[in-house]
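You will see two complexes here that share subunit A, one where it goes with subunit B and one where it goes with subunit C.
What follows is the complex of A and B.
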């Protein structure tokens, strides 16, 4: 088993990954805690919430890369799985607010505001973290499995699949926008106080969440790497390139597609659950069709079919977004739009593709 | 003397600015004198004139009395003044002349002699009225209108009577009913009387009333009749007469029955209307997606561009040709088409043609295009919605049943859709261009071998699809808001229509759009607007499971890639 894992990367590759992990989980927190605030190298507290957010996006990009980059199925509905994880976590955080809400009631504030007298049944259990964790791990995957089962069984693929996933996220967004659905309507869930007893306002909690996210991302990356390098991964790539031929060769492609689709949703759900406590809000706009399309562009920018590309792409696009929305908010959409066009027209291999292109000129290309 | 006023006015252009001021003052004094003289001389005039004059009285009770008197006199000449009083367009000059302003408020007319007056020279006072006066006023106007010569005015007056208690008017209505020749108005008069007499002492009269309601009544009567069937706490009927109870129950079931059918008919119409809008939004997509296999996520923005073109044409007309304002919509039709089509062609040439055969990439690239278009429009026209006014011939509607109004703009869109669909169909099926388009759709290489310039055909087809979307935007501007996000609202729905209907068939798109529109409107009363929409989306997803190629799938089997 250990051997199986070690062959995932070359010696240099492992070194690089551990180097990155060390920077992310040890050096940066160290710089924050032990350096004085006026030092040039000091990392301010707010950076950890921001970086934690980016890491969640990177996890989403990883999930989308598995299904799109490797299997060739474009989903425009990953916002749904992300929101499912997010809402489950949000519900737990709402319940752990206790009676400290604005209305001093045991019920979440928005329910008091809507004049609800008791908790809806589907909120039961979210008082317990273990139950919440179970929901986060199971629900998005289960939902994806059911949806995928019917979709793949009817051989919906390509553009049709993209469009019905878009319809799915659109329908769920409309549903969650309603107050009657019981998830806070427009405003969603917010004003969280603590997680597992730790105050969410505390910098140490934020840093803890950030480190957890980094570790989860690391593990997910290894899992994805393991999958795409296995025989299963080869079949997935074959499905992407010529599904009919794979079928003619005797493979039941539904099983493979269903597996990777469910796994992708599972990772996405975890990303959502990690995202909510760090950002402090979850609302239905996360399920807007435009959000899910934007997720796809992270992967495209970084480079489809390369896991590192997905991670880099999520960081690049969201970094650019943060920068644009502060300095030139009017031109962010121009930039994003141009990114969509330029990447699909000229850089089909994305950022990583350009990088390895230049890299390969010098020396023999490392097989990935 | 009065005639000399226009004469003076006609000198105006020749005098200098300073002279003009003096002149204006002179005219002012003149008019004041005339008004004073007139009011003096009319003091002793007949009852009508004095009542009109009393409208300008400073005491509210006097005004109220005057309004009542005018209402009872039944002289239609009083109507404009009363209406002006109600709409706050009545003014009183210092000399006591009663003046009606026009709608804009820049011209005035003296009530007593009907002459135009120069407003700039007069100090005007608004009459002070309160709710009690307003109530009397509404009643008086209603009474006067009942005797109007125009059957439309009478109809409206009668309908207004239905809405509020009119016990004081029974005799008047009876009289009016005797004279009435128009069936529709008669019907409503009878209903008004029935409502008044429902609780009278005469049993026959009550039965007669119930019968009238049975025949013509609508929902508004249900609560009044249900009151007849109420029981007291001991479980006894409040209404002792079983015959009345019986016919009341009959009337209720009849009304509910009739209302059910009316509602279904209304749903059908609104469903068709929604379907026609969806069809306009989706038809262009059906062309680009269905015929060319291009997923154009910027399709919604083509709608938006069409709507904004209409907005610009409207503004140009407002600015330069205000007297031909109503024509702007007609002029917009080709312009909206050309604007959207040329931008579509531009996109096809510069971006989309590089992506043929890669549908998922096309989807992302066109999404990028749509972001850029939205942001450009937002920067040029602002993020707020802009107003596109209906031309006068499209405002209003016809009331087919009581409470069911079919707006003219929706009817016009229905007709417009038929026109567009027929044109597109003819173009594709009956012209040589259409033949080439279909040939390229079926087999690109073969068509190319036969000498068809496939690049050109691609360009035309994409232009056509975008242009039709522009027409859709023009239609949308007539029924809703025009804003940068207009296209985003319709893009998901348009895709649903195309996918439901099946790709590559205009008939499929038509069936898909109308079917979804009607289904949506029939779901709405059952499940609510949002939930209805969700159910429809879920149904579509289920349908695609069953028929992945849509309702009108091309026959035969094929293996892709």
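What follows is the complex of A and C.
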């Protein structure tokens, strides 16, 4: 087993990954805790919630790369799986508020506001973290499996598949916008107080969540890497390139597509669950069609079918977004649109592709 | 996510035939691509199928491999596999390999990986994730590389191969599937004279071990490999027999060779 893991990367690759992990989980917290606040190298507390958010996005990008980059199935509805994980976590966080809400009631504030007298049945169980965790790990995958089963069985592909995933996320967004649905309507779930007894306002809790997110991302990356380097990964790219040839070679491609689609939704759901306590809110706007499209853009910008490209893309686009929304908020969407067009037209292998292009050019020069 | 459900893996060929196509009709919007087609292929035979464009050759291949369902008629592989009730991958597992008209290999995979993917083995998700190639399987692939003459291109991306090499790779992929019956659609289209000769040699060496059905237009090529030739016309068999006999058949001359 250990040998199987070590061959996932070259020696240099592993060194690089551990270097990154050490910076993220040891050096940055160290700089925050032990350096005085006026030091140039001090990392302020708020940075950890921000970085934690980026790591969640990176996990989403990783999930989309598996299904789109490797298997060629473009999903424009991953916001749904993200939101499912997010809402499940949000429900737990709402329940742990207890009677400290604005109305001092045992019910979540929005239910009191709507004059509901008791908890709807589907909120039962979210008092317990273990139950919530189970829902987070099972529900997005189960939903994706059911959806995918019918879609793949009917041989829905390409643009048609992308469009029905858009319709799916749009429909669920409308459903969640309704107050009667019981998830807080357009305000969603917010004003969380604590997770597992730890106050969410405490910097130490935020740092803990950030480190957990980093570790989950690391493990998810290794799992994805293991999959794409196995024969399973080669079957997936073969499905992307020539599906009928794969079928005539004796593979039931429906099983393969379902597997990777479900796994992708599973990872996306975990990302949503980690995102909510760090950002402090989940509402139906996460299911806006444009949000899911943006997720696909992260992968396209970073480079499809490379895993590392997805991680880089999520970081780059969201970094740019954070910068733009502060300095020139009106121009962000124009920039995003232009970025997508330029990448699609001129850099189909994305940012990572540009990088490796120059890298290999350099190598050729050395050898001549 | 379990494997494939085929109850009986063996092919019953006690009557000497490996493929039975009986009274098969396929129509697209009223146009009958196959019209009461009857065709029998012997076990171990190398059969060539010719016919003008639109004679139904490719549709026949589609019906055999499960891509198209016939309106009526039966298609049996051996005496015990009803192909009209099986999916593409089940048919492939039962032992029918198909080479498409346009070479379809996995362009982003290396030659070796292409063969690895085609190799006859358990093909469910879990096996693919956890079972790397065994030494014996690697040997099988190496032997196959030798047969199709692509040993030196082993680690080359298939997209970089020449047209002829892609055709051979695809034939090689069929061979490692270890099929009983090979369906080969226009193997020498777009090949140079030399490549055509090489392909003829390759196919002749395979007959006997496998039953082979070749659809082709190129007459010289057919003459060099075929024992028996079937002429299709408007979705049914017009003539069948030795190449010389078929060529002299006045019906055939009228619809095809004479024109």
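Some notes on this structure:
Heads up, the rule we're going with is that the second predicted complex is superposed on the first by the 363 of 368 C-alpha atoms of A that agree within 3 Å, B and C clash if a C-alpha of one lies under 4 Å from a C-alpha of the other, contacts with A are read in each partner's own complex, and residues count from 1 in each chain.
As a convention for this text, a residue touches a chain if its C-beta (ideal position, glycine included) is under 8 Å from a C-beta of that chain, and two chains touch if they have at least 3 such contacts.
Keep in mind that what you see is a predicted model, and the values were worked out from it rather than measured.
In the superposition on chain A, contact of A:255 is made with subunit C only, not with subunit B.
In the superposition on chain A, contact of A:244 is made with both subunit B and subunit C. Of the two partners, subunit B and subunit C, it is B that touches more residues of subunit A.
Contact with subunit C, but none with subunit B, is seen for A:231 once the two complexes are overlaid on the shared chain. Shared contact residues of subunit A, touching subunit B in one structure and subunit C in the other: 242, 244. Listing the residues of subunit A that touch subunit B in their complex gives 74, 150-151, 153-156, 158-160, 162-164, 166-168, 170-171, 174-175, 177-178, 242-244, 289-290, 293, 296-297, 300, 330-331, 333-334, 336-341, 343-345, 348. The touching residues of subunit C, counted against subunit A in their complex, run 1, 4, 65, 67, 87-89, 92-93, 97-98, 100, 104-109, 113, 116-118, 120, 123-125, 128-133, 173, 177.
Only residues 295, 297, 351, 354-355, 359-365, 367-372, 374-375, 379, 488, 492, 495-496, 499, 530-531, 533-534, 537-538, 540-541, 544-546, 548, 559-561 of subunit B touch subunit A when the two sit together in their complex. Residues of subunit A touching subunit C in their complex: 227, 230-232, 234-235, 237-238, 241-242, 244-253, 255-256, 258-259.
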